[in-house]
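Please find the structures below.
What follows is a pair of complexes built around subunit A, which joins subunit B in one and subunit C in the other.
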Partner chain A sequence: MDYKTVLTTCPYCGCGCNFYLEVLDGKILAPIPCKTSPTNEGKLCIKGWNAHEFIQSPNRLTGPLVRKNGELVAVSWDEALDYTVSRLKEIKDSHGGDSIAFFSSAKVTNEENYLLQKFARAGIGTNSVDHCARL
Partner chain B sequence: MTNSVSEIADADCILVIGSNTTSSHPLVAARVFVAKQKGAKLIVADPRRIPLASEADLYVRQNLGTDVALLNGIMNVIIENGWADDAFVSERTENFEAFKETVSQYPPEKASEITGVAAEDIIRIAEYYSKAEAATILYCMGITQHTTGVDNVKSLANLAMLTGQIGRPSTGVNPLRGQNNVQGACDMGALPNVYPGYQAVTMLDNQQKFESAWGARLSDQMGLTLPDMLSGLLDGSVRALYVMGENPVQSDPDTRHVQKALEAAELLVVQDIFLTPTAELAHVVLPGASYAEKDGTFTNTERRVLRVRKSIDPVGDSRPDWEIIQEISNRFGYAMSFDSPEAIMEEIRTVTPSYGGITYERLEGEGIQWPCPDVDHPGTPYLHKETFARGKGLFHAIEYQPPAEIVDEEFPFWLTTGRLYAHYHTATMTRNSPTLDTEVKEGFLEISPQDAEMLGVGPGEVVKVGSRRGEISAKTMVTDRVAKGLVFMPFHFLESNPNVLTNPAHDPIAKIPEFKVCAVKLEKAA
Partner chain C sequence: MIKTVQERVKALLDSGEIAGFLGLKEAGGHIGPHLFTPEENGLDGLVLGDWKGPGDARYTLNKQLIHLARAYPDETFGVLVRGCDERGLKSLYVWNQLSPEKVVPVGIACPPELAKACECSKPYPDALVAGEKGEGCAQETLKQVEALGLADRFGYWQKEFDRCIKCYGCRDVCPMCFCKECSLEDPDLVNTGDVPPDNPTFHLTRAVHMAGRCIDCGLCNEVCPVGIPLRTLYKKVADIIDEEFGYRTGQAADEKSPLNILAGAS
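On to the complex of A and B.
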């Protein structure tokens, strides 16, 4: 049996509650609220107590998809990435960097937001990057 | 937030306006209850009788979209009664006279006429708030999701400055941020007008700084906001859209318009953990990893940078989002070679002054609240202590303006939208969580007993709800949480999604849509 607890931050609202995820043999069991967290002090709301359930949902996307003849079909990472990049290049070449826009996300990490806006600005050459702060 | 969550517990007066705190920020609400137990006065202002209203010393139900009139009325009373903090106003602010002139036009009787709040209640709010030793304002999307969203926020800032209720512990103007990392996404420059750390893209110094840091030519043109990207897709000025962890088909106003725009894209890439309604329209779907499958940081509503730690490997063949972006960038021809999220943070802190002292090592424990300019800086629990960011606090003279759409003969009901305790945003995560899904299985329409009787509908019966943008059906929930003439719907449920109805009219500066107000008609379904 491989059991561990990993201290992390809740993925729901902006409170930023901390909990430990209990992991047994590579499966997440449940969150345990962190008593020393300055925001939640050992408490969680109903969403926090259940913040593990969606992670292992059978509905998770488990591989890349590309639309072919109107249908999304499973493809390899190489094919999905090459297709995406070749289309981005074609569109940038024919219409310029500002014809490409990015929705970044309030659900992903700081590091990932930083990287996406860096790619948009330095790679594609556009400042058209936004996220759902208004929603 | 200007202040910290824990400070709320020590406030003497808490004004909650446009925030359904117990549903949307339960652990902030916990601090409100602690303060209340210690004797704090709790004022709740909300068009819906939200659960927190039952705990309030004073609950007022303002008409939809009348916050500026309410706040101007409160400030009129404060000035007229000599309850303002004159020393704070003279030492720390400017433009007071112009502001005072405007506010003088809003005596409580006039504010009452616009807002529907009794004049004596406006006076009581003014007294409770201004006379408290430490008064704090908590607000949320009920303030911001209006065509006057910026005016509403500036009015709250006016109120805090007028009474000196800012720059001290347990005071301040505190937006409760809805998403776990919406603060961080803004901090990191996922905005069309600023680089990381709110450095304007239109300023040459900033452009040169980032050109040198990133080794690339950068644009000095402001980018498009989300609503403008959608319009751009329809007029052909935008050809490709890359969506990471967002679901605009369900979350944005006027769903039909959003769908048409996305269908017009020559390339729509969606990176997500589930096949959302937005992903279903994509040309390419890239499976990202959840928060439990990667390392990183989130920044919470009180500007606290917190660690996210990997618990398990990414499920199936999914990958952490940072690895996907880096791989695409490399194949595109812009080289990135980060070997970990920590390495990315090391770059972030070199270009983002407010994150200058934030390292993974220092984030062990409680995290750090920015601004944190260097590694010896302890972080900043509350802002504006000695001075405001711009020096003196600027009063804005703000006139009340009605919402973009108002009720009429054809669309006689006001519709407002919001969230439920067990669900989250477009419910992609919560409806895939069996325990939460069981709590509330479907959407509904809150309607007052008087209106339900007038329409001849009982609880749980289906009504058709139509606006100028579209029509949906929903079961009724007959409740006095809403006043006569007002209906409410949560936007978590695709099958009865009120964003088919909502008005895309938005604030001219913030571009935030007016989700909180539109006009609808109701009809009992045949």
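On to the complex of A and C.
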């Protein structure tokens, strides 16, 4: 029997609510909102209450996929990145930077978000930058 | 108080009477649930759930106990209980969610300050290990709401329910919510997938479902991000069940709830 309660931070938005993940024999059962967290004081929103679900979901992406002949195919990171770079270049050259939008995340650091918007604005030439917490 | 509890838990673990003790642990500046096991060697960080005030870092340990008991039905576990948690245990025995032979409650009494804030009928468990048995408190908040006329009372509740963000936290935290299929996810009863929830249907659906179930621990009230006084609502439901059937949830471990008799549960 291996029962753990692991204190962590909700991955959904930028608030940073804390909860314990109840883990029994390697399987996550549920979040338990942390009462001593100054951020959420033992409360969560519906996203936090279900934050554990994607972790063990069979539908979770665990590596890059590229659509080839209409089918999603697992590829290496190198191949995925090369493909992305070449397509971004093509689209920018033929339709301009404003035809591209970037989608960042509230789950990453400020610095990573800074880098992404810098790349979008200075590298590609678009102001269309948004993030997942606007879901 | 903590010393007495530590000694009791240590004795239980050392004797092999329990496979683990579900209690609270302070680590890294936070207090949360923790399973103390014999392999862990010691009870470092064991606390009783008092942080800035008495009982403000209580958790729904019975809910976690159900998870453990379902996975390890042959093991016996110790669990930290207050008066309300013991009411919960008794009721969970009645509903066949836990087996009394497999649970060793380690009880602590709540101080008068907490009993008053909870307006608790019995702020200590029978399985008392540490603390002083305090007096039960009168239901002042409920009386105040009941003193309102019908229209005002309905208005009061509608205004409260209007703030609901439909997080389902009240259900998710509740140690007495163990149904496989939840009526709050039944599209015939609730506008599933939409916010805001129907007012007052959503809340009354839950209130009715807590009849004969709610053991008045107040954890739903504490978890509600918008501060809806859910506990007051469920206290009223409990009073109705008492008036109609002479049944108080969690008072006796061998008395079936009138509703589980009606539902034909064995």
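Please note the rule applied: the second predicted complex is superposed on the first by the 78 of 135 C-alpha atoms of A that agree within 3 Å, B and C clash if a C-alpha of one lies under 4 Å from a C-alpha of the other, contacts with A are read in each partner's own complex, and residues count from 1 in each chain.
Everything that follows uses one rule, which is that contacts are C-beta pairs under 8 Å (C-beta built on N, C-alpha and C of every residue); 3 or more make two chains touch, one makes a residue touch a chain.
Not measured: the values here are computed from a predicted model.
Undergrad: Applying the touch criterion given at the start, work out whether A:Cys45 contacts subunit B, subunit C, both or neither, answering first, second, both or neither.
TA: After superposing on A, A:Cys45 lies in contact with both subunit B and subunit C.
Undergrad: Return first, second, both or neither, reflecting whether A:Arg121 touches subunit B, subunit C, both chains, or no partner chain.
TA: In the superposed model, A:Arg121 contacts subunit B only, not subunit C.
Undergrad: Contacts for A:Leu24 in the overlay, against subunit B (first) and subunit C (second): which applies, first, second, both or neither?
TA: In the superposition, A:Leu24 touches subunit C alone.
Undergrad: Is A:His131 in contact with subunit B, with subunit C, with both, or with neither (first, second, both, neither)?
TA: First partner only, subunit B.
Undergrad: Please indicate which partner A:Trp77 is in contact with in the superposed arrangement: first for subunit B, second for subunit C, both, or neither.
TA: first
Undergrad: Quick check on the superposed pair: does A:Ser37 touch subunit B, subunit C, both, or neither? Answer first, second, both or neither.
TA: It touches subunit B and subunit C both.
Undergrad: Which partner, once the models are overlaid, touches more of subunit A's residues, subunit C or subunit B?
TA: The larger set of subunit A residues in touch belongs to B.
Undergrad: Looking at the overlay, what does A:Met1 touch: subunit B (first), subunit C (second), both, or neither?
TA: A:Met1: touches subunit C, not subunit B.
Undergrad: Output the subunit A positions appearing in both contact lists, the one against subunit B and the one against subunit C.
TA: Comparing the two interfaces on subunit A, one with subunit B and one with subunit C, the shared residues are 4, 7, 18, 36-37, 43-46.
Undergrad: Looking at the complex, which residues from subunit C come into contact with subunit A?
TA: 19-20, 27-35, 37, 51, 56-60, 64, 67-68, 71-72, 75, 165-169, 172-173, 222-225
Undergrad: Touching residues of subunit A toward subunit B in the complex: what are they?
TA: Result: residues 4, 6-18, 21, 23, 26-28, 36-40, 43-48, 50, 52-57, 59-67, 72, 77, 80-85, 87-89, 91, 95, 97-135 of subunit A touch subunit B.
Undergrad: Help me check something: in the complex, which residues belonging to subunit A touch subunit C?
TA: The touching residues are 1, 3-5, 7, 18, 20, 22, 24-25, 29-30, 32-37, 42-46, 49.
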